[in-house]
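First chain A sits with chain B, and in the next complex the same chain sits with chain C.
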Partner chain A sequence: MNVSIVPALKVLRPAAVVGAVAFFGLFVGYWANALLVPGTSPEQPIAFSHKVHAGDNDIPCMYCHTQARRSISAGVPSVSKCMGCHIEVATEKPQIRKLTSYWDNKEPIPWIKVHDLPDFVHFTHKRHISAGIECQTCHGPVETMERITVTSRAIDGSFQLGTPWEMGLCLNCHKQNEVDNGTDCWTCHK
Partner chain B sequence: MSIFERFTEGWKKYRKPGYYREFDYHWAMTIDLDKCTGCEACVTACKAENNLPIVGEEEFAKGREVQWIRIERYWEGEYPNVKLGFIPMLCQHCDAAPCETVCPVSATYHNQDGLNTQIYNRCIGTRSCAVYCPFEVRYFNFNDHHWDSPLDQQLNPDVTVREKGVMEKCTFCIQRIRQAKDDAKDDGRRRVRDGEVQPACVQSCPSNALVFGDRKDPDSQVAKSMKDPRAYRVLEELNTDPSVVYLKKVDAKG
Partner chain C sequence: MPKIERREFLKLVGAGSVGVGAGFMLRETIKHPPEYLIPHVVAPEDFSTGIATWYNTVCSMCSAGCGISVRTREGRAKKIEGNPNHPVSQGKLCGLGQSGLQVLYNPDRLTGPLQRMSARGGETFEQITWNEGLSRVADRLDLLRAAGRGNRICLLSQGVGGHLAQLFELFMAELGSERLLHYDYDHPHTLYAANRQFFGEEHLPYYDLKNTRYLLSFGADYLGNWISPVHHSLGFGHSRQGRPDIRGRFVQIEPRMSMSGAAADEWIAAKPGTEGVLALGLAHHLITQGYYQGADLDAWRQALRDYTTTQVAEQTGVATTTITRLANTFARSQSSLAIGGGIAANHSNGVDTLVAVNALNYLVGNLGKEGGLLFNPEPAGSVSHPRQASFRTMLKLAKDAREGNIEVLILNGTNPAFTMPAAAGFTEALSEIPLIVSLSSFMDETTALADIILPSHTYLESWGDDFPEPGVGFPTGAVSQPVVSPLYNTRATGDIILTLAQHSGLSDAIPWNSMEDCLKDGWREIYERADEETRTESFEVFWRSMLKAGVWGEKSQRDQTFTLAEGVIDNIGVAPPEFSGSPDDYPFVLHPYISNSFHDGRGANLPWMQELPDTMTSVVYGSWVELNPVTAEGLGLKEGDLVDIESPHGRVRAPVYVYPAIMPDVVAMPIGQGHSTYGRYAKDRGVNPIEILSAQMEPHTGSLASSATRVKIVATGKRVELIKTGGTSRDLGREIVQRFDPTAQSKTGGAHSTQLNSIPITTVTT
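Our next item is the complex of A and B:
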């Protein structure tokens, strides 16, 4: 008796086509995701270096992020804050020229937000700074970064570049420091 | 500490009779029905403050409206001797709340301030709490709600916009309580002063029928108001121990 494998293959052909398309789509999806969704270290409109400002020149964080100790959000400094120094300092560098053009056109710089919390989380910078928490505790070693990268912290205290924040980061710290009602859901959620 | 020990400790703390006497605060409200005119200013204020959706006529007919505080009407007597009565109904923040025990994922619980709270992220939408609530004050989001521009500009940033499949309820404007505590800490005070925090409904009441405050503070306005001889609690026979106290309306017939 003659047994052929061909009819079986014919039946399987649609499944094989679907599988091939799915396999191809996986790569397309990965590429589209990397292209369209901002990553953990997006390229900013001006290549601002925290290393130069906060690291080498030792400018305190709250010289520019003035709202951090007064309000919920730390805030991004206005263009006039930048121009306060850069009207004199390093005016000939290409990145500063870009900054000056924003200043001349009276436009805000479209910075891309890197450290972002979901809308259901309530976090006040004011409360944490008045409790004496260093900025680096959550934001990582910013003074060494050329370009800001999302940084998380492991339980052992080591920084993990490129890892977004999770609830455990908040809870660990609240437990270690024995915050009043620190583990109540409505302390942080809203 | 193991998970089991932590669980038993939490159970001892919150699941014993009279556990609410150890609260930091015990927020409570009194509603004077003699002063209430039924103007529904509280309903409007609540909608604006807490990002409540306007569901529309069709959904309303299906009973899918969301009103954390509502004015309930009822009629007394036979025509022509009818009398209209009404009562503002909101979450009673029961100390022995039936809704809390039934939640399979502990999305609703009693927090240290004596509030019956709902965590939207944890809720899986079984709706069993709404079934167990004798006051019918829990509302389910049957749809994703959206606000057309420019109405989306009036959404309160301190309150989440709840998504489809999540139960929600009155929080006694917990975002305002949190803000008041924050201000108290800035001033170096340990506790929030009486009258410093008001939910949206209390703030908007034109006849001051609603009074809100900390029940543990004997000098607070709400604690004094609760000692009124007219005070009663809705469905008291169910023994849910509500934190909202109503002051009975007294008319000529008594």
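Our next item is the complex of A and C:
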């Protein structure tokens, strides 16, 4: 007596097709998420425009990010710093009203962090600023951005919006500029 | 193209939708959660994000008064180091001082005022507001003061100095009470008393370890915990390695090798309590060999006639050759220094022992000399000693409490329920007091008995000042400033006292609104009577620069001439020590020693200190009892065997640690563990040897003779694994321990040390 599994497979075929469609859908959903909610340019509690401030009005980066030249972190300006101008400037705009309500309630603005390095990387702004590196070298053309987007650079130096930083970015620059101990592990991982 | 039926189509659409949804959610769940950048509302003036700010202040973990620098970032304390400007610590700090951060951030801190909701013994407390707590206390104080019964109020504090001590004085005087006591378990009462007898002044001198060439330490664990260990360690380092052609030599005389003993060139064990006899034996040798030629030579000769080398050797168990060698080297090395304390002073003859040590310094001319013993000027501000309660004073307090003469007890940071022997009945006496108020930051054993708890800030959150004792040879003082904002709903001790004073209408005598004001007024006075170098500009400039430097000092030094007080020579002599318990029933002398990690138990709630291996045994997280290998073998005990250590007053249970560097008839236990409360890290861990001590006293000072209790060791048959980082204590052929045959006659060390120890201690000839 011949035994064949073909009849059994025939019965299973519709289920296999359904499974394949579901599996394909999994990839589509994943891709759709990456396309629609990339996380590289999150929506902020206030729609702050770097284009208006740093681009159109030409305010220097370190007017607000005062700690960049002194500290490891560039620092986010205090609410009072914002209010320094916006107690007079553009007070009627809806986004500025939001700002004023934070100020009136004496609450900090919960900005979402865009540019981030893993905890095992020791990066200091102070060293890079004092070496004369432009902010845009790493942060991209911030003065053109309505909303901050993570930006990396290709090896030819062109900006790649939406691509997070990787170690190659640091190393390329350290090599090109012949930084002392610039490729030593312990320079950054300490 | 296969024909798809409606039913099939719906199935496929359903499957596709579920797949897409699952894929979407999959990426959503594996994403990094967003991090936030929370800015300040108003930028603070005193720090910048990402930049460390260092504040200089004073350590309060023990009474030495080291200056510390605290690294803060974004308003939080991150690291404590020694303050390089401060003459006591000079940039160095001990482990306990480093652990101050874990006092600040301790998860078991009291976070707000509490009041008792159950009978004493239970630990049910209810949160109250500061106003409720303060007015309950203040009302009672008012009542007693109005009725002229102010003397029924007692303030029992840990040792504090500076203007907080002065504020306590003022407050208690205004309430009409003389019961102001400071209590520290390890306060060196005997040392103060010996110095008063010998030098006519009740201050600690400066022991110049830094410049000495030959140090004889009678029981003082000066590197571990004796009066100012960080400063002594600095001196030790300099003496050993800081001078090009000179290497200081150190001899440690004690029945159980301490950390200082291990670091010394020579460790000598005299029978417990006979260290003073040994000192007088050395003195006798100095006299007879003509090293001393003073006008009072005959009086000395007469006073020391009973301390001949052979008699002393018999009493102390130290060989005659060792005695003469030590005396000769001590006299010939210039400068040499003898210090005494610790176990040598914790006997019934403690003061006499320390007087004998002073006599040694006197006879070879070490007094007022570099590398010897230098006299300190009067401290520039209040020190704790005049108010320090001896064991006898504490017993008197307990008696008063039992007789109903204490109606309010205010506790500040001290924990006598833990550091008083059970035989003293102190805890039971406390329960007779109608109102106990504790200002402690932690629920320690004494605070657990309180009715109202008004928790104070830790020292890193409050204002204060300190005038180090022992001093450093010149007038100096340091202000301690808050390095972080208070973490919880607590208040500074000084501010609590000031609020109580205001509540009781004492504002005329105690006019300040805050401890900071009080401190500033006090320092203005110091500024005004300071030398010209200090008073170059205004007080404000001085104050700011002192907060920055963390310390103030003057260059002036004291006249170092010295004349011996009347009657010293006639009264010199060390009686044999008295022990409680008969040698037949209780064959061993118990030596409870202050732990380098926990001090008197205050450090037991700090995880860093719990996990720090003990310096000599490498044991972590527990208690143990140290037995000589010969003793352990005689009792059939091995490391890890649980034994009962039984005194006439109780027993505690601990595992055996076989320790070669202890006399066979002495057993030692570290102090600090065995808390019944005091937070998650301290509670129910190890045992407290103080519990089983007998209430023996040194008669001159009334201080506890803590090494005068005899015990017996009873095996329980149980075993535990002793947790320690050290591996084997055996050599295993690595030739890291120098050995020689103990049965052969030693050419250098004499028979003495070989009899006592199973690992022979070689002695080096001079």
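Odds and ends about this structure:
Everything below uses one rule, namely that the second predicted complex is superposed on the first by the 159 of 190 C-alpha atoms of A that agree within 3 Å, B and C clash if a C-alpha of one lies under 4 Å from a C-alpha of the other, contacts with A are read in each partner's own complex, and residues count from 1 in each chain.
To be clear about the criterion, contacts are C-beta pairs under 8 Å (C-beta built on N, C-alpha and C of every residue); 3 or more make two chains touch, one makes a residue touch a chain.
All values derive from a computational prediction rather than experimental measurement.
By the document's definition of touching, of the two partners only chain B reaches A:D119; chain C does not.
Of the two partner chains, chain C is the only one touched by A:G29; chain B is not. By the document's definition of touching, of the two partners only chain C reaches A:P14; chain B does not.
By the touch criterion defined above, A:S80 reaches chain C but does not reach chain B.
Contacts of A:D184 after superposition on the shared chain: chain B is touched, whereas chain C is not. If you count the residues of chain A touched by chain B and by chain C, you find the higher number for C. In the superposition on chain A, contact of A:R127 is made with chain B only, not with chain C. Chain A uses no single residue to touch chain B in one structure and chain C in the other. Residues of chain A that touch chain B in their complex: 119-120, 122, 124, 126-127, 130, 181, 184-186, 189-190. By the touch criterion given at the top, residues 8, 11-12, 15-28, 31-32, 34-43, 48-51 of chain C touch chain A in their complex. Against chain C, the residues of chain A that register as touching in their complex are 14, 17-19, 21-34, 37, 39, 42, 67, 70-73, 75-81, 103, 106-113, 116, 125.
Residues of chain B touching chain A in their complex: 24, 109, 111-112, 115, 117, 119-122, 158-161, 174-175, 178, 182, 185-186.
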